[in-house]
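In the two complexes that follow, chain A is the common piece, with chain B as its partner first and chain C second.
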Partner chain A sequence: MTASIEPTPTAAEARKTARQMRRFDNPWLNPKLFWGAGLLLGIVALGILGRIFWDPDLVFTGSAMLKLPPVGFENLRGQAGTLANPLGTDGGGRDVLALLIIGAPNSLFVGVLASLIGMGLGIFLGFTAGFVGGRTDDVIRVLSDVMITIPPLLILVVFQSAFGDVSLTMMAFLIAGFVWQSPTRLIRAQVLSMRESGYVQMARLSGASTFHIMFREMLPNLVPYLFGSFIANVTTSIVTAVGLEVLGLGPQRIPTLGRTIYEAINAGALIQNLWWWWGIPTALLAVMFIGLLLINLGLDEVSNPRLRKLS
Partner chain B sequence: MTAYVTVKGLSRVFDVSKPWLNRVLERRGKAFLTAVSEVDLDIEERTTYALVGESGSGKSTIGRMLVGLLRPTGGEVEVEGVNLDRETDRAKVAKVRGDIQMIFQDPYASLNPRWRVRDIIVEPVAVKSGDTEGLAERLLEQVGLHAADAGKFPHEFSGGQRQRICIARALASEPRLIVCDEPTSALDVSVQAQVLNLMSDLKEEFGLTYLLITHDLTVVRHMADRIGVLYLGRLVEEADPTTLFETPKHPYTQMLLNAAPRIDGFGREVDPPQGEIPDPINPPPGCAFHPRCPIARDICRQERPRIRPLGATRVACHLAE
Partner chain C sequence: MGQIPASYLMNRLVTLSLTVFIAATLIWIIPRLSPVDPADIMLGRMAAGAGSVANSEEILAQLRANFGLDDPLILQYLKYLWNTLTFNFGLSTASFPTPVSSLIAAALPWTLGLMILSLVITFVIGNLLGALMVWERSPKLVKVAIPAAMVFTSIPPILSGLLLMWIFSAKLRWFPLTGAYGLTVEPGWSWDFVQSVLYHGFLPAMSIVIVTFGFWALGMRGLMITVQGEDYTKLAEAKGLKPRYILYKYMIRNAILPQITAFALKIGLLVAGQVLVERIFAYNGMGKLLYDAILDQDFPVIQGVSFVIILMTALAVFVVDLVYPLIDPRIRHERVSA
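And then the complex of A and B:
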């Protein structure tokens, strides 16, 4: 009897060890990254599948009855939710599900685009400052130090009010103007310290080209910082974009999560107990941020071998 | 024996001025730090030349100028009869540069943490697109590690093992001169001996010439064929180890040897060295050592002593005899 019981825990243990070893060898299989990417891909999938299986024309005003609740709930007028609008409708008769399908990927797009542009600028300026030094370094350093002290929302509010209606891409460009400073400073600092390290000196005295030193020697060491900085920037960009939209700035005709919340607040959704109008977009934003945070933690583990443990 | 490296009147001045705005506001001029000042030395082929001195005496700067990481502000370095700064024939310079390698003080910072040991070791060859097949494995075994270690990352090794990897990397391009910048100061005493023995063995095996930069007098005594003592960027005394340790001529060398702790010296009263190394931005006139020197005379305060032969020694002191 004991013989039949014993192999079971051993086999389970062996499986567990094998799983841990796999995880150690291939750090991309870590649960944080898996869940984080899953959440974000879920939002992307919502956008793609939603456009196929749901009618995106329902985002137009008056496409359904006003202020209908989600299925299984009743609104203050005693109307029950219907399957035609499973997540209810807003004060303008727009379907909330359709708003999410169109709006959520838009918010994500603004964040990713702004962050990509910001990182590109930051990498370029950081390497230039660190490598060239002298006057160039002074200019870049002072510029990024000054920019970092300016609260972006304040400037953007002014900008956006002046521009009036803007496109999503335009908004991403405007936000990108405020997220390049931290990667610039980070990369400059790392380049300066690495330039004096033994392995860069070694490469130099062996006659390696500047290109080789930058991209083969230095960049791999910057990967954890770059990943972290990129995801952090996406988060900042989305927060900034949503902040502007909730204030009623940003794109006026394109549905975004922030704009939906703005309209809900503006139409008195809180006092009328239309919780689905503002609550569901807010919950989706929360999911987005949790996903980004998990990706950040997961990437850290991938790019920093010392964080990997067999447990 | 021919001189493999000839250094003549080598100087290096660093601009250590504050930023322009601070200079204007505080009404100060530019500041210059003389790290190395008119150093003459010859290194014979297949010997170990040791440079000793306190921190800030310019020994690392000399090493970095020799390998070409820094340009001298004055004087010249000739390796294999080629002046590396003036020579216009690129092929000649490239050939000589390839014969020089370096080992750094901190084995933790001198290996790229994201590269595998194999790539690290063959790098000096790979950047010149040479043949790297099996090279890393062969070198690892030569420095006492396993060929299988080539696939690992640097963080899987201890300090002593990392320094062995650094040595393997320095050997990869088959150099003739290796500049060792404090190769053992970051290591445990027990590991230091192993690394030094390895370096001696490799020197015999490959016919290497070493420039050993260190502040550790015991290391110098075991390894060096010729010792140069630096003080504030100036070469003050040069001799073979026996002569230097038994009959030091320069008062600074005497002070340095007296201050070194000895194994058999328990209960010995040690007179700590008097004074501090002076500010290299504003060095004293005449002999740089005169503010701390017990036998300084007027001439020491006015005239800088030239280095001159004295028996088996070369010394820069007006009063040594």
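And then the complex of A and C:
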């Protein structure tokens, strides 16, 4: 049977497809990728421009009146919001806008740093497992299988409640110990399948070094997957960091979004209707996660052309 | 229905026991690296309660002996491993002399109940919506509305929990703000109690559901696209089977299997997310127990809770790994374990 089941496209449909093909000629020119990156860049810009145009000293306790509402709202004491604290103040008199300016980049920093370290470890272990094989492979595979089931939050809860205050960098390093597994597994699987592929055999036959094969021949093919795994790990790391902060375990002296939420819940901000105190940091975190999700969806479409047809 | 070969079972068992062993070891080592002395904390608590403590040196020595802190480290470690495996986590220091295991036993059913409830709801809704996104015959609205709702899925449940709590508990007062059951009802198998539990559990469960269903929907969408192009689907269409029948029996049935393994990888994060949801809702589960223990620096409880949750996660992954080949005859164990 040779008859095709697909209907033959009409001329108009063919033109439409051709237009779409041209527009998405370069798979990296993906709208989701753009929007996601835009949201994250917006947060970075908030951190940078905020430090220039707004007074970061307003994050200190008692730098303004307590529990002031944002501009255009009134709090329970009947005070109206003023431009001095456009997003209101928290229960300790800290300016919410300044908290965001200092806190949001901190969360992003922890996520990116932890994920970068995890990615480095993952690339190293994945290639080692795939190339060396044998015992080494067994150990790395079992270890990553084991570590992927352990929720980082619970080990880190034990750690941080034993050690008390930790710095942001320390927290990133700790989280990195739990985000190397997925890149490791990904790379190992790909290396095992690519090892036998034609172009790698070719490179080997022409005398290329193992190093050259790994990083010049194989790694470029893995870029979309690795990038996807990286973004997913950034999300996991930020979720873990925020989780620790909400349990009151993050850095104690640096303002973070999670810690702000922790203080708001403890002070009963929900019942007192101080929505700006917890709501604005929550909204900003949500924007951050949505940005990361969009990037990840975009990357999926870059690496899996079948998904592109749908959007 | 396939049979589970011994080698595969062994492989999974080794992973399970290694997970438990590594988690237990980490939980043991970490507090010992810290300068904080549990006996000191206990004494501090006594001093804070009573104003002053007579014979503090003797009490300190006695406490250290009771906690076994005078033994050589290796002996302490072996004892600890044995105790942990037998679920003997010692006594809580904050609510002394309650054994940690009984605190956990009281909290665990709440956590498990909430988890199973929210998981089942999410699994059904998520997979169905994901399938509908791909299905040609689903209404236009579905194809537009679901991707929009998907935006929520990237948000950790603690944030959605805060939002739901504010809208439905603080503002509208439709649901209670905190707790797992009403103060006026007697715990037991009465209709009042069940009603109260469901009423209190609704918001925590929903805050997990609205942020996790998209994970399933997204995965299902990807799998459905693959299934859609398969020959057997086209054959079923050519045979003139009802579209709805094809959707359920041909497409969803084949696409749903990999979703179950995806779940195994995700369960750790789900559990951690739920712990935080329980904390903000002051739900009587493990999350609240953990949070209270952190506030009180109650190490035996922190360690016990962390261990039990990790054990639960590892067991769930183990079960999924074992069940998966049974429901998908296409999986050959030899290849999985290789």
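The rule is short, and it goes like this: the second predicted complex is superposed on the first by the 269 of 311 C-alpha atoms of A that agree within 3 Å, B and C clash if a C-alpha of one lies under 4 Å from a C-alpha of the other, contacts with A are read in each partner's own complex, and residues count from 1 in each chain.
Rule of thumb we're sticking to: a residue touches a chain if its C-beta (ideal position, glycine included) is under 8 Å from a C-beta of that chain, and two chains touch if they have at least 3 such contacts.
Owing to the predicted nature of the structure, the values given are computational and were not obtained by experimental measurement.
In the three-chain model built by superposing on chain A, chain B fits alongside chain C with no clash. Looking at the superposition, the partner that touches the larger set of chain A residues, chain B or chain C, turns out to be C.
After overlaying the two complexes on the shared chain, residue contacts for A:Thr136 are found with neither chain B nor chain C. In the superposition on chain A, A:Gln252 contacts neither chain B nor chain C. Contacts of A:Thr210 after superposition: neither chain B nor chain C is touched. Of the two partner chains placed around the shared chain by superposition, neither chain B nor chain C is touched by A:Thr61. Once the two complexes are overlaid on the shared chain, A:Asn221 sits against chain B while remaining clear of chain C.
Once the two complexes are overlaid on the shared chain, A:Thr235 sits against chain C while remaining clear of chain B. When the two complexes are overlaid on their common chain A, residue A:Ser167 makes contact with neither chain B nor chain C.
Legend: residue contacts after superposition of the two complexes on their common chain; A:Ala286 is shown touching chain C, with no touch to chain B.
After the two structures are overlaid on chain A, the closest C-alpha atoms of chain B and chain C sit 6 Å apart.
When both complexes are aligned on chain A by C-alpha atoms, chain A residues 306 touch chain B in the first and chain C in the second. Chain B makes touch with chain A in their complex at residues 19, 67-69, 94, 97-98, 100-102, 104, 106-107, 109-115, 120, 123-124, 127-128, 153, 155, 166, 169, 173. Against chain C, in their complex, chain A makes its touches with residues 5, 142, 145-155, 157-159, 161-164, 235-236, 239-240, 242-243, 246-249, 261, 265, 270-271, 273, 275, 278-279, 282, 285-286, 289-290, 292-293, 297, 300, 304, 306-307, 310. Residue ranges of chain C in contact with chain A, taken from their complex: 14-15, 18-19, 22-23, 26-27, 30-31, 33-34, 36, 134, 150-151, 153-156, 158-159, 162-163, 165-166, 169-171, 177, 218, 221-222, 225-226, 229, 234, 238, 265, 267-269, 271-273, 275-276, 279-280, 290-291, 294-295, 297, 299, 302-303, 305-306, 309-310, 313-314, 317. On the chain A side of its complex with chain B, the touching residues are 138, 197-199, 201-209, 212, 217, 220-221, 223, 305-306.
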